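For reference, chains read A, B, C, D and E in written order, and residue numbers begin at 1 within each chain.
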Amino acid sequence: MTVTYTGQVPNGSTFGCFWKVLGIWRGSVYKLVWRELVAYLFLYYSINFLYRFGLNQDQKKIFERVQLYFSQHTETIPMSFVLGFYVTLVVKRWWEQYRLLPWPDTLALFLNAGIPGADERQRLMRRNVVRYAVLAYVITLQRVSLRVRKRFPTHQHIVDSGLMLESEKKIFELMDTKTPMSKYWMPLVWATNLIIRARKENLINSDQLVQTILMELSEIRRRLGSLIGYDTVCVPLVYTQVVSLALYLYFIAALLGRQFVAVGPPKEVTTKEHPDMYFPFFTAIQFCFYVGWLKVAEVLINPFGEDDDDIELNWLIDRHIKAAYMIVDEMHEEHPELLKDQYWD
Amino acid sequence: MTVTYTGQVPNGSTFGCFWKVLGIWRGSVYKLVWRELVAYLFLYYSINFLYRFGLNQDQKKIFERVQLYFSQHTETIPMSFVLGFYVTLVVKRWWEQYRLLPWPDTLALFLNAGIPGADERQRLMRRNVVRYAVLAYVITLQRVSLRVRKRFPTHQHIVDSGLMLESEKKIFELMDTKTPMSKYWMPLVWATNLIIRARKENLINSDQLVQTILMELSEIRRRLGSLIGYDTVCVPLVYTQVVSLALYLYFIAALLGRQFVAVGPPKEVTTKEHPDMYFPFFTAIQFCFYVGWLKVAEVLINPFGEDDDDIELNWLIDRHIKAAYMIVDEMHEEHPELLKDQYWD
Amino acid sequence: MTVTYTGQVPNGSTFGCFWKVLGIWRGSVYKLVWRELVAYLFLYYSINFLYRFGLNQDQKKIFERVQLYFSQHTETIPMSFVLGFYVTLVVKRWWEQYRLLPWPDTLALFLNAGIPGADERQRLMRRNVVRYAVLAYVITLQRVSLRVRKRFPTHQHIVDSGLMLESEKKIFELMDTKTPMSKYWMPLVWATNLIIRARKENLINSDQLVQTILMELSEIRRRLGSLIGYDTVCVPLVYTQVVSLALYLYFIAALLGRQFVAVGPPKEVTTKEHPDMYFPFFTAIQFCFYVGWLKVAEVLINPFGEDDDDIELNWLIDRHIKAAYMIVDEMHEEHPELLKDQYWD
Amino acid sequence: MTVTYTGQVPNGSTFGCFWKVLGIWRGSVYKLVWRELVAYLFLYYSINFLYRFGLNQDQKKIFERVQLYFSQHTETIPMSFVLGFYVTLVVKRWWEQYRLLPWPDTLALFLNAGIPGADERQRLMRRNVVRYAVLAYVITLQRVSLRVRKRFPTHQHIVDSGLMLESEKKIFELMDTKTPMSKYWMPLVWATNLIIRARKENLINSDQLVQTILMELSEIRRRLGSLIGYDTVCVPLVYTQVVSLALYLYFIAALLGRQFVAVGPPKEVTTKEHPDMYFPFFTAIQFCFYVGWLKVAEVLINPFGEDDDDIELNWLIDRHIKAAYMIVDEMHEEHPELLKDQYWD
Amino acid sequence: MTVTYTGQVPNGSTFGCFWKVLGIWRGSVYKLVWRELVAYLFLYYSINFLYRFGLNQDQKKIFERVQLYFSQHTETIPMSFVLGFYVTLVVKRWWEQYRLLPWPDTLALFLNAGIPGADERQRLMRRNVVRYAVLAYVITLQRVSLRVRKRFPTHQHIVDSGLMLESEKKIFELMDTKTPMSKYWMPLVWATNLIIRARKENLINSDQLVQTILMELSEIRRRLGSLIGYDTVCVPLVYTQVVSLALYLYFIAALLGRQFVAVGPPKEVTTKEHPDMYFPFFTAIQFCFYVGWLKVAEVLINPFGEDDDDIELNWLIDRHIKAAYMIVDEMHEEHPELLKDQYWD
């Protein structure tokens, strides 16, 4: 489930508005970064103790020269710049993927309008069409989301959940023997067939409504296809690698370059320029900052995984089934009576 | 109510055009930042006085070394960069949310065209459909906006305002027992049912008009659904935390690093390099600048809160009710007579 | 009228292509900045002369220390960064507003197709509908544009211009007594009514054309509504203030920090490091650069004002009236004869 | 004609992929910058020789102080930043303009479907409608493109090319006497009239097809109108001037600041810090870099000029005439026979 | 085939999430950069050995002065900035091109609905229309993609693959003699003709469906035309050259500037400031970083080449043929039976 926190900071004009946000643990930067930070500090102190206690004077000299070289050059890579552009790209794609997720509500609305009537045949039609829409949704997400794949590892699981019928599973299996490509569009083709049949049987009264429903079905297909496209064609690997490599190498260099060493003769100069703080305070902050920034990308590059901040698709699937059935069936034509509203003059 | 000021600066070519803008208090950076600034300066001077009067010579030395370390490293975090990208993201989302708010005017226009006639039945139809559109609007915003939630804490409040009928409240309560999900789409389903009924009773003359009205209803649903999506899936928490943490740690470090200390021997060097100004002029400016910049994000991350600059949804709701009724009812078919205009040859 | 200059620089491959652009005065950075620059230099030299002639040796020392402090810290605010993001935002909004301005041409085209015939009734219909579209345009812009407000300060002025009839003004006044909200959509509702009436009288032959025209009318309404939205919900005040404040404080600090002072003992060091140039050449350039950059935002934040570069709405209104009448009336059905073209085999 | 080079670098994984691109002359940075660079170096060496041979010792001292002042401050203007944002804006607008150019193919496709039949009347209808579409295209581009204006300086040239008939020219001239505004939409109005006439004569069978064709005609009008909008409302002049001025002033300052001077006493310090290289290697690189970057904007700010990289509109016009006639006439209904494909089971 | 790796990093909250990504070889930065890096280091050490062993003392002095000059100025070009903007532009265009690739699924869905029935004539119609869609796709990609051109070098190869019939090839060849322009739209015109014929023969029942199918065909044409547009009008050459030149010159300068030289007298100063590391560790990292970053652009500037990360169009073509035939033919009307779902009350 995504971490929803805007409700906690409705008013930016309050004192220290974002402090509340800093206290959240689920999906927080602390939860994401602490393991890496502990590992990093462990390495840092290993080298630190080696230098302080493990090296003799000559080795120390060499170490100090190496340290100097590293400390001079860590800034040669403008990491903040490339991270800024990269994270912006990943965030953009993440949001586009979320926005592409189709909602069956509109289809249900149109079905309600297109195939009115509470008879069994009409109800069957409507229920089956929305079921197919949700089924296409599930089959697509099975491909792109780890969470959905865990919930529905096989077609049988979908059948068990009631979204697919046995006969349909058989057709899927038959088709799978012909070609292994994703067949998320099959339920949508069936839905189309149902619509055409309904028009023939005059359950749908006008061609305009057929057109409207078909457009909506094709819109759902377009969105599901796009989701697969986003999954297949990721952010180019080389981009991700360049950014991560730069970050990791930067902090490996910082392991040496940020050590507190007693440069040359222990005079006042030293005291003034590089006080020994025992704890690499700013290196730790920088680590949290940069690794946390990259974590934004790591969490969002696959928005359908199991992170705290990933989109809870299983919840959405359940919601869609319930809402769609509710719209096309339970709510059907019960209401409304035509009453005068309060402002009727 | 949002702060509208462009009307005060229509002409950028006047002398000191934006000075007028600097004098506005409502929604201003001063109003947003002054509390934080006072608190910050209080901390700054606490440390300052401690150093000047509370420490002995040895402690001062240690303090000066710490101060040196902090002053050297405060710039290691490229805050302006991450703030730039983050604020851009938040501003973009804020504006998209504002643009997603549906306006019932178009629907009312189409209803006017689709269900002409001044008889009671037609008027009832038209009034009910727009009422349902506004009702869906209110139910959605109840979820995402603190302001609307305060005005309409329960369904009963909506009934009292005349937007919902008693019978409809009962259906809502009945449905709520089945599943707790948001049911903002229910009034839209009812509106659809009304449209279909109107077509059956031949109050609507053509299928094209039915199609047009249905498309508009589904557009309203899409927008309301998207608003809920923006509310549920915020800017990833880790991004917000990384930015705020960086900012707060920067200024905590600056609390020490920007102290005016007498470094080492009190020679001319000192005088030249770090004159003691008693008031941390630039640190205060920087504080206003960076915290003010972050405040942009704090104010906009939840555009439906109670900030001076948040969107005044309650005003919009009132406006929509009035405008929608006016279009579908009061203005109906009174006008126009067909007259020749002034340029008629 | 906007300053159109791309026609002067069609070929980037010519020598010194943009030099021509630098010589334009209307809407230029010189015209926009010179007043501010003169005022700034006046302040600069006031301080300068005070220092050179007004202060005694001790005061000079203090002044020099203050100057040093200011010159060290002016760079602490990364202005170019925040300006870059802010100006990009304002330019984007400016362009979106320009693109949102509806053009009645498409509506006129559709009317031409939908209500053919040169009889008086058809002509009346077509002329009235486009008149209503332009009227809605004018009423909206009255609200958002200073220029249009000056041309049409009251409804009576619109009546005088022939865009509104007396009877319509009365309805507006009647409605204004009920609620003060903007009623730019009223002419569009009337236009809708006319279309429906035309369909009933069979002046329009098909429901598809009714649909097409209605969609275009609702598109015009959407655009006008969006323009009001852009006007009501500006760039958040706090953002504008943070940017302007940073800029102004930077240059106030530069007033002191950029003074040419004789630091400490007048040795060769001084000569080498801070030659006294009498005129703050680079500070002036920087001033033009940054203030000019901000002027981009000042000019564009209200694109409908009276700046040289603001959009000439009054010209557009005249053009729309003429073009719309021309399309729906004068050009009607005169042409074309069906002739074979030159390439007819 | 635009410079198409992606075909030469299909595989980024080859060794030195972009080296091939560096060798292209047409539209290259060398071709664009060399004149400016030669002029700049000429100025540089004029000053250089003046300093080396023309000045006496005292004048040299003054020169050296001025040089020092300039060399210290050239970096005060963050040019790369403003250039980055500015060029991004210009590139975006350039691409949007290219994408807005309408293609008559879709219209031809719809005409093919809407007015089937190989009789003379149908052929005349189809040919005339597409001719009008291309005519509107040419009349629009006459206004915005230097190249097209050179090819068609007057209406007569269009008549000679066969795109306009004599009778149509007369109507244009008649209308031009009434108002001087651009009348690119007139051919589209005629096309609409033709469509309506075709529907009346039952050459078009369904209102849906009329609707589809009308929508496409209005789409073409929208695009042409937008192109004129992009031409009229350019990137604000003040933005262009701020960027160019900053660039030019930077390099004027560099003319002095980058001179190799013998600072103070000719000791080893000098040798170490500012070796005299005789040729300002890096200043030249920087010049090519920044001026080349600005040239991107200079070339693209008017995408319809005569630069190597500008869009070849005349070629497009010829292509559109040929393709449109081919689709609506030559290809008509000849094909296809219905044959079974290879995979027919 | 693009490198799909998001499936390997579903959870950003795991320890060292992106480390897995760093280990991928196909399409990696290592595979792309190693050749350039080896060449670069070879040059570096050539110069290095020349300096250490090939030069006499005087030559060394000169070399050291040159080295000093280069090392001082390598940072004068803000490469990271221009690279950030440039790569963002290329990535945006790459993604837009991918998203423009049409999928025939929607068309097949509409055909299924529009031309129902399992008779040979209907099947022929449907199969031919989708075949034409895929044929237009292939003919377009032949032009823009190296891979597809290798698979289908001539029309004959397309005929052999079964996508084109002999008779159609002849028409293509006939048309090619008239004008050499790309004729990717010809199959779409044929498809349109088929649709019109189907309507005439009453195989399609409603004009709405004709409209829907025509809109989809024109959508496919629009996308294919846009792809050709992206191919013809690349990122302006001068932009690409400026970026590459800056990068290459930077590293050529670094060849000299980053050499480890013994500056002046070999005192402790030297040791402290420029320790000799024998291997230019950071220069190599920087090289990988910047060249890797540019490689992102090199790989993506032509998304249809043969890079590991380029889009596998041949696979897509095969998929489209299979899927389209499957939808319009094999799946047709077999299913579904109307069964009650599991949740039927």
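One rule holds for everything that comes next: a contact is a pair of C-beta atoms (placed from the backbone, for glycine too) under 8 Å apart; a residue touches a chain by one contact, two chains touch by 3 or more.
A quick note: this is a predicted structure, and the numbers were derived from the prediction, not measured.
Following the contact convention of this document, no chain is adjacent to both chain B and chain C. We define each chain's centre as the mean of its Cα atoms; on that basis chain C and chain D are separated by 24 Å.
Rounded to a whole number, the gap between the C-alpha centres of chain C and chain E is 39 angstrom. Touching two or more other chains at once are residues 32, 81, 84, 207-208, 211, 295, 299-300, 308 of chain E.
The touch graph of these protein chains is a ring, one cycle where each chain has exactly two neighbours.
The chains touch one another to form a ring, and the order obtained by going from chain B toward chain C and onward is B, C, D, E, A. Of all residues in chain D, only 2-7, 9-13, 15-18, 21-22, 24, 26-30, 32, 80-81, 84, 87-88, 91, 94, 98-99, 103, 105-106, 109-110, 112-113, 116, 205-209, 211-212, 216, 268, 271-273, 275, 277, 281-282, 285-286, 288-289, 292-293, 295-296, 299-300, 308-309, 311, 319, 322-323, 326-327, 331-344 touch chain E in the complex they form. On the side of chain D, the complex with chain C involves touching residues 31-32, 35-36, 39, 65-66, 68-69, 73, 76-78, 81-82, 84-85, 89, 121, 124-125, 127-128, 131-132, 146, 162, 165, 167-168, 171, 175, 178-179, 181, 185-186, 188-190, 192-196, 199, 207-208, 210-211, 214-215, 217-218, 221-222, 225-226, 229, 231-234, 236-242, 244-246, 248-249, 253, 263-264, 294-295, 297-302, 304-308, 310, 321, 325.
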